[in-house]
Structures are given as structure tokens and as C-alpha cells.
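Everything below concerns the one structure shown next.
Chain lettering (A, B, C, D, E, F, G, H, I and J) follows the sequence in which the chains are written, and residue indices restart at 1 in each chain.
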């Protein structure tokens, strides 16, 4: 464990967050997400909720200010306007924690998979609520 | 996720539990344990307590009946007779969940490290309570 | 061996079943199937029948409810309507064991090979009956 | 599958049998044996009995004629004179199948583990009968 | 060496023959063939003739009965109808040894290279006679 | 770059600091130190001073409270009582930044090398002042 | 450290500069650049400015005389004619240090990323000023 | 060193020459050539001239008799008819040493790079004369 | 194939002969020798006799003149004075082919194995005559 | 090639010289030296003399001032007082080129091998003069 850094950020996840650059994307995925199949870099946080991971990640990761939706979630299959409770929580956490608390975008299930495939990394959590998936685009820190 | 298998048993941990044989040992370690340095095979379960991991592991892992203490914990430094609350919980979980609920043995801190070095694998949990470390020796399943 | 988990699920196969996500596919193949050539991840269960493997796999793997045919078999070459005895057994096992016992789909031999190529993994069994091949699509487990 | 070669000899096991030389040893182990921990080369034949594996191996592997006991089994713990049924079967198979059907030797449990550690390879079978372990020393084929 | 298996089948070549499935192809190539450049899996049998290798391989490898020409040779450059002596020998060996002794097909030099590129493996022999190259397609063994 | 984490902590160094456990040691070494030869894990921070690295590391790394000297420096060759200016700076930074600002220990040059060999990792900085080397022992964070 | 070679040129960066040939390109990137994602070979110089790295690199690397702009920088997003102070410094350093001090070219942000992807290597510096990125094309040294 | 084999043929280069087959190509390149970037297999002979390497290679490598130009050089940029002195030397060495001393072909600079990319290997020499690059196509040795 | 180099010297064996230095040893072993188990570098020449390999190797490999017996064979078990026919042939080939045709030394079977373990490489031939094993110590070539 | 750095220092050798620290040793070896067998890191400079390599290396490598003999050569076998011409040249080059031109030490042949085994790296040159071997101990560069 380290001082002042949330302890659920594992060594590999910290490495990834620090190595990512402007525009690189991180997927926080639920326990049913095909993360191993899609992601070249796949970190696991079994037993931890996606909302706890999002909260911890946003304390260190800046969000991109060059795009309108630096965070994107997955649409409910056959009900694109639905907002599952976990997605509402994602928005709350982003609003209160992120350095750049913009509104979230949305992607259809297979379009979400395609974008996840080219992400920098996927974090597979132990989240058992369906639709517990979110993509974050990293921003810059200047002087 | 799978049917009938606790979901905090990650793919790597399941592999390890299944590949272990009679007499092989697994260390469940707390968040401060030097697991990466000591263990050739080191699985991480950041953000999960050691007690939750022990509970899940014992639902599938048989304990060794060929030795008196198939489970061993770490002595408190400078107070070898102390029983930290988490150790008492370890004993309760073992008594109620294991197929062979024997009493636990104890090892001094550096003797515990030495034994951990030759274990089959170490699981580093996110347990923040001190002394949240336990070694389990696998038993046999016959017909 | 582990408690409550069928012992023909090897360490590697357990890893694969646990690491697969929603929509990922597993091929259970007979002893003549070109599994090494087609599959990036190829697990062997020489000496075990495909029906025993299917039975064991379905005790832990949920089938996909988002598609009409979460299980698919290979058509007999030059006789697409034939139902070899082993395929009838596959249907029986699925009906009695799966969490989602849907009817099976069918694919022509080379179309079956193409789909196998993009599967998450192939299990090569020791099945000597011809047409002892089946593809399973993993489903979700929610709360 | 190949013509005239028993189909439970997997690709890796065939490689090993062919690559072994005079005096190299192969361990056929039961499902509880700590094979992954002990063996640098570990082949799995989950779901197959140790007696079926022994039968198949001896059809191709010559036994060493330079030593009195080219096959060695494990003593029963606390009852070294006992002959478990599977050991009697091992002797029968060797007598009827081997090119050099000598009587078997015996080793205490931990001495057996030590010798297994320096073997050329270990085959972990799905044998569920206890004491289903045997070490074979390869012989020569001359002209 | 093993009992009842031709000793020029090396450990790697035995592995390959056993791991190949229905429809996979093996190239037996002469000493001038660009085998390292073309083949992902390249086994060498320097100092052995291609005809000796073909003889040994066909004692264990079944030929495909689903295609008219399960064996294919290379056409002589600028003289496609020529039949070099080694090709006549290939046909003789196939006729007397194979389980499915069909007539051979022919491919132009660069078409032969292209097909070799997608073969399961290439065996580079020490054959010094020109055009000592042959592709074999593996068949099935049923019950 | 990340929010609230000093930017000279590279991805690899962050990984190391987070993966280290109680009692593991980190060496911060100057530009002349034989770090590649001694250290299994060697991270480079060319162009950065050892004092800047120490300052950044101590903002996240807890020092061990179970030993009297959780930080150790190298004695000047042939003048063991000398205190080079950089060592005085090391003590100042530790006193003002560490969670456990104990006094530093000292080791003769080759004893320092031996201890560095068994460290968790070595960070080779661009420090050009001689004797710019320090070993830190990680402590615990409890609840 | 070595005689007569700037000490911020790390072992890996020296290797790269020496292994590059005529026309190969090196990217010197700022701390926000997505270097790990884009570059097959990625060297880090955390804590060092891009201008210090450029100065050191140009003391040993010849610039290409076969093209008009052997050095290329990134255009400011939405303000392509702007010249950030760091770019002006890049030009000064090139003019005074390079063997071939040509004027710099410019590329739009995503075109710059595309070209970086096929570069020989990327050096990620600790530069915190925005737009601190430059591509250098290596020239020849003749006799 | 070996008897009767030129000592500048390094172990790796000898391996390559022996492993190449009919039609495979070797590039002998000068010190400015982008060999590491272009070649999957890149052998270095720093400090040796390209002409010495050509001389040594042709004592063992047969040239292809199936094509008109089994050796190809690079055209001078902007002066395709020029014949640099080193190219004249290449022709002399080929004429006096090769088993098949045909006239050389020529390729424009970038076409030469493209062909080098698909060569079997590139040897980067220490040749400092410009245009010291040549491609050789291997021939056959029959009986 | 190459000009003037015996074609049974495979690419790997040529690499080894060229990379060996003064005092390094090569074992030429028969088909029953435990070469894979003993040798870190093991090259196979299945189907070729040990005498053909010795003949080819000695055309390029100098024997050591600093020791009395630069070639050593294995004693017959239980008959140390016997000279098997193949050993007589080894002596003849050495006498007629080597640059330094000294008399051979002898080693007891297990002493021979021990020395083989620290050899530079072992060549496993297809030699079926027993005791077809020989160790060669490489000499120097000066000017 | 690079400006101001001798071109026979290959990329790997430059990496090694830069990565070495105080007290690390480099062996420059002749063409008969068993460098591959002894050295974990072995760089080749076939076709280049040991004296040319020494000259180039000493332009960048500082010699150790903490020991009396930072350069050591090999004694002539059976004539320890002899000074072969190449050793005299080594001394001349060191005197005129090194930053710390001390007198050379000497080691008996096998003691020299033992020390080479623990060196940081060995450079195998193409030097054909016997006894063309020298060990260099790296010094420090301070401010």
C-alpha cells in the first residue's frame, strides 16, 4: 500500500494509468464483459464494484477536455433510452470527482465492444450489476 | 462468471487451486505482505478482504488430513500469544466451511516468510487489518 | 482435484471458462478436428469423450440468452439433414444440464472451421465418433 | 489421431517418450499428485486412469535392463507392506505389456517425491484411486 | 528410440503428426527448399532422403479421403509434364504404404510455395535430388 | 501524467513502489552505481538528481517502523566518518517528508552492494554527485 | 556514465540512435504524449525537458539532407499558425547544434500521431509544456 | 574459428546462409542502411567492409540460375546511370568468386528498401562508402 | 545447402561449431543417449550415423592441442577394456580427418554423462549401434 | 553511424558501455576465446582486431582509479613472463588513450576464464593473434 493513493489501484493498474497519454482510453468493465477476448492489456479487480473502481481512478486520471464526451457508457440492448441505476451512479461519481465532469456519451453494445478493442487497457471488475461498463478518455495536465 | 463457483475466485486463482496437489500450500496474504518478492506465482485480489477470500477458497479446496495443522497463521511480533480479531475470524470460517476443520498452527514472522517462499502460490488481498495472513495445505479427494 | 467441480475440467480449461465473457465461444472438438491449427488457445482432453466434456462444462458455463442458438454443431458432409447419434446426445445433455436449454443450430463444415478460428478456445477431446464437435456461446450471470 | 499409436498418447507425451534417453524417468501420477509443483515438464491427461496410461505407454517405451527395478511405486503411508489394488494392476500390466517385465520397486512417499522432481517428465492422469503413481526408467533399443 | 515407431520420426515431427487434424497439411521438402522462410513450423531431418521420410510418415499418418488428391508434388519448371524419378518413387511408396493410396496432384513451383506457406509444418530433409517435395493432407480415423 | 502524483515517478517505478510489501527495499542510486549488474529489477531515471527522486518517493512510500534505520547510505571509501553534502540532504528530505523520519544507517561500499543485490529494485538516477546512494525499507499502512 | 557523451542519453536511447539508419525517424515527446500506445519502441526520460533531450540528441545524430524538413513539430489545435515558445526553442537548438540546421515542418495533431506510429522509436520526456513534441529524420555520414 | 570457412562469417550469418533455400534473398548493407527497421533478421558486422563480406559470402553461397539477375544493387539517387566505385567492385568480386557470375540488376532507392523488407536477412556491415548495398538471391545445389 | 560445407551440418550445428571457443566441448551421441535431459543446447540429426557426423564435423572443427586426449569415448559397462567396433571407427576417422589426430581417452558411463552435462552442445544422431558416443574438445586456429 | 562516436562501437556494445557502472568489467576477447560459453552478455565484432576495439572503447570508457590494475591480460601458457606483441600494443593504446593509463595486471589462463565469467559482458572480436584478450574495469565520472 502507498500513502495518498487509493489501495484498490493495483500495481498493474497504476502502471497503466501513468503510462497512458492524451486521448488514450481505459475501459472499466463489469464481471460479464468479454475483457480477456477484447483487450490486449487486461487488468482484473475481481470482487470490487465498478463504481468503487471509477471513484478511485478519477482521483488520479484527468479527463479529456478536447472532446465533448470523455466518458461513454453502453446502451441497454433493445432499450437505448433506458438509464440503468449503475449508469446514474457513474454520472454522479464523475460529476463529483473528475477534474472535467462532462456529461456521458452512449454506444450500442457491439459498437462499445469495437471501441473497447482499441482501448489502452480494460479493467475487469467484479461488478455483478448489468451494464456496469464505462470508457474514459485521458486528458492532459499542463503547466 | 460461472455457475456455482464464487465469483471472487479469479481465472488465475482457479487455475492454481485446480493445479495444486496433495501437500502443496497456498498463502492468503494481507495488503502489506511482501508477496511479489516472496512468491514465484503471485495472484492479486486488491480490494477484497482476506476473510472473504478464505471463505471462497475453502468451498472448493480440501485441507490436508495427513498433518495436524493444515492451516497456519503468523504470530504477532513481540506478542506470540496474542490472537488478533482477524485470526479468530479465520478459525471461525475454517471451522464452518472446511472439509477438514482442524485447529490452526502458528509461525514467527520470518519463519512464516520462509515457508511462504516455497508455497505453490500467494494471493495478495486488499486486507488492511494487520496479521491477515494464512497458509493452507491442500488435501486429497479419493473414491 | 477440487470439491464440487467435475475433475475432468483441467486447470487450463477452468481458467478459460472463468475468463470468458458474454458472447465468447468455446469449441468442444473430436479427436480428428484440426484444433491446433485453428485455435489460438487449444486445450487437450485426450482420452475423454466429447459428451463427458459437454456434460461437465455445462454444469458451470451459462449459455447465452441473447441469441436463438447458443449451441451450434457441424453438418454431415453431403448430408446436411442427417443427425448423427452423438449430435442427438449433445441435444439431450444440453436439455437436461444447461441453464438455458435452447435448440442447437448447424453450420456447414468449413463455415464451422471459420467460426472456430475466432472462438475464445478449443478443447480437443479424445472423441472418436465422427461429428463430435459443438460450439457454445457463453451467457451472463446477473443479480 | 495416428495409425498404430494409442490415441491417449497426446502430442506432448509422444514428444517426451521419443526425446527421453537411456536412464531417463517418466512419472505416471494420480489426480492428487503434486505434479505441477514437482515437475519441470508436466503433461496432463485429466479424465484418464493411470492404468490406461501405463498400458499405452508400455506399448512404445522400452524398460531399462541395466537396473533391477525399472518400475517403482509409492509405499502406503504408515503401512509400507500394503499392496493397494491399483499397484497389483500396475504389476499385471507391466508383466503382460512391457518388453522387460521386471518386478517393481517401492519408495516411501517423500522419497518418491524427491525422485519425481528429477524425472524427465510427469504425466498427471485423472486417476482417483489413491497410490496410483508409478515411475518408469527408459531402456535402450539396439541393433 | 521407441518400440514400433520408425526412428527417423524425431520428437518434434511425432508431435506435429499427432497434433495435426483432418485437412491439415505436411510438406516433406528437399534440401534446397526455402523451408525456414515459408514455414511457421519447420522441422529438419538433414542427412535423410525425402523418400525415407515419406515411407516413415505414411506408416502412421492417414491420408484424406474427402479430396481426390491427398498428395501433391511440384511441377518441373518449364516442363510441367515431366516426371522426375523421385516423383515416381513418391508414387510407389504411397501406393504400397498409405492407408488411402490415391494418385498425386501437381502444382506449379510458386503455387506450391504458396500452399506450403499455409501448411501445418514443413519437414526439411537432406534430399539432394531436385523436385524432392511433396504435400500430404491428413485424413480421419473413425470408429 | 496523473493528478496528485509527482510526475518523475515513472510507470515502472510506480508499479514497483505499489508492489513492494513490508520489509522490501528500494535502492536510489547515482549515475555511477553498477545498477544493471546488481539489480534484477532496474528502473532508470537518467537526468534526474537522487535528491529529487528521494523527495518524490517519500511522498508515497511509508518507511518501516519495525527497524531502527529504515534508510541506509554508503560510507565514503577510506573515510567512514565523512558526511558528504548529498547525504546531509538525504537526511533533511527524510526528516521533512517521510512518515517515519528516523536517522540513517551506514554501510561500507561492498556491504552496500551486497544488500542492493537482494533489494526489490534499484532506481538508477542521473545524480552526478558521488555517494548519491540510499536504501529505503518499506513500512506498513494499517487501519 | 561515459566520456564525451551527454549523460542523459540512456543506454536504450544510445542503442536506438546507433541502430537507426538513413531515413529512420525519432520522436521526442512531451509528458502528455500517448507514447506507449503509439510506439513499438518507447524509451522514457521522465523528469527531463524535451529541449534538454533535443540538445543532447543533436550532438550525435545527423539530420537527413535528402528532404527539405528533417525536423517536424505539431500544429497547435485550432490555431495552426501559432508558434508556442517551446517550438521556437526547438528551432534555436536545431540551428545552433545540428549538422544540418534546416527549417522545421509542421503536422496537424492526428497526422503527427500517424507518423509517430511508424517511427523507429519514441522518447517520452518529462516535458510539461504543451506541444513539446518533435520528429527527427536521421541522415547519413559518408567518407 | 573453423577450418576452411572465412572467419568473418559469424555464427548467426553462417546459420542464415545455411538455412536459406532456393530463391531466398540476403542483403549486404552499408553502415547507413536502415537495416534494423527493415529486417526481421538483422546480423551486424560493424567494422567490416561490404566488399569483404561479399567476398566471404560468395565462397559458400550459390547464386540463383533461374533468374537473369541474382544480384541487385541500389541506383544513385537522382543519377540512375552512375556506377559508384563500390558497385564496380561488387561486380568484380561476383565475377571472380560466384558459382554463377551473372550481371547485376539495379533498383531505385525506395524499391530497394521494399525488396529488402521481404529478404531472409540483412547483414549490416561497417561499410562507410555510400551505395554499398547489394541483394543476393540463393541458388540450388543438385547432384 | 552451401558450397564446400558438408550438407549434414545443419544450420544450428554450424552455428554451434562456429560459436564454440578454445576448450569448449561437443558431444556426438547415439540414438539412445539421454541428450535432451543432459544438454542445454541439443541438436538432433535423426537418421544419420554418428560416424558420418564425426567425419563431417572434423572437416571444420580443430581439435585441442593443449590436452593429451581431445577426443573421449564411453567405456563399455562392466567391460572397460572392450573396444566396440564403432569406437574403432571413431579412431580411424579421427586419424584420417582431424587436424590434430591424437589417441582417444575413455570415461566410465556416468562420468561421461557428467562431462556431457557441461558440454557446449550435444548432437543426438540416429546411430543405433551401442556406445556410439564421443566428446570433442575444440582447439585454436592462429596466424 | 553517429557523429563523434567511433563507428565500430555497435548498438549493443554502446548499450553495454553506458549501462556498466563503477567496478563492472568488460572483456575484449580474441577469435578463439570461449566467449559464448562464458559470457551471459556476449557481443560479437567479427572481422575487427582486438586492438582497434580497445582503442575505440577507451575513447568513451573511464578506467577505475580505486584499484592498482584496472586492465588485466592473460599469461602465456607455460611461459608466464612472456609478453606477446599484442599485449605490448594493448599497453601502448592504454597509455595513450585511457583517462587513467595504469600498468596492466596478469592472470593465468583458467583464472582469466573465471573472472571473465562474472564480467558484465564479453566482446568477441575477430582478432587472430593469440593472447588477444584484455579485461577492463570501469571507473567513475564525477563533478
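Note that a residue touches a chain if its C-beta (ideal position, glycine included) is under 8 Å from a C-beta of that chain, and two chains touch if they have at least 3 such contacts.
Treat the numbers as computed from the prediction; the structure is a model and nothing was measured.
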{"item": "Mutual neighbours - chains that touch chain C and chain I alike", "value": "D, E"}
{"item": "Chain copies touching (chain B, chain F) - same or different residues, decided at half shared", "value": "different"}
{"item": "Chain C and chain G: spacing of chain centres that average the CA atoms, whole Å", "value": "52"}
{"item": "Whole-Å gap separating chain B and chain H, where each centre is the average of the chain's CA atoms", "value": "62"}
{"item": "Centre-of-Cα separation between chain F and chain A, whole angstrom", "value": "34"}
{"item": "Touching two or more other chains - residue numbers and ranges from chain C", "value": "1, 7, 9-12, 19, 31-32, 36, 128, 140-141"}
{"item": "Interchain contacts, given as pairs of chains that touch", "value": "A-B, A-C, A-F, A-G, B-C, B-D, B-F, C-D, C-E, D-E, D-I, E-H, E-I, F-G, F-J, G-H, G-J, H-I, H-J, I-J"}
{"item": "Residues on chain I engaged by chain H in the complex (per definition of touch)", "value": "1-5, 7, 9-12, 14-19, 59-62, 99, 140-141"}
{"item": "Residues of chain D that touch chain B when the two form their complex", "value": "31-37, 77, 124, 128-130"}
{"item": "Chain F-facing residues of chain G, complex", "value": "1, 7-11, 31-32, 36, 44-48, 52, 126, 128"}
{"item": "Sites on chain E touched by chain C in the complex", "value": "19-24, 66, 120, 140-143"}
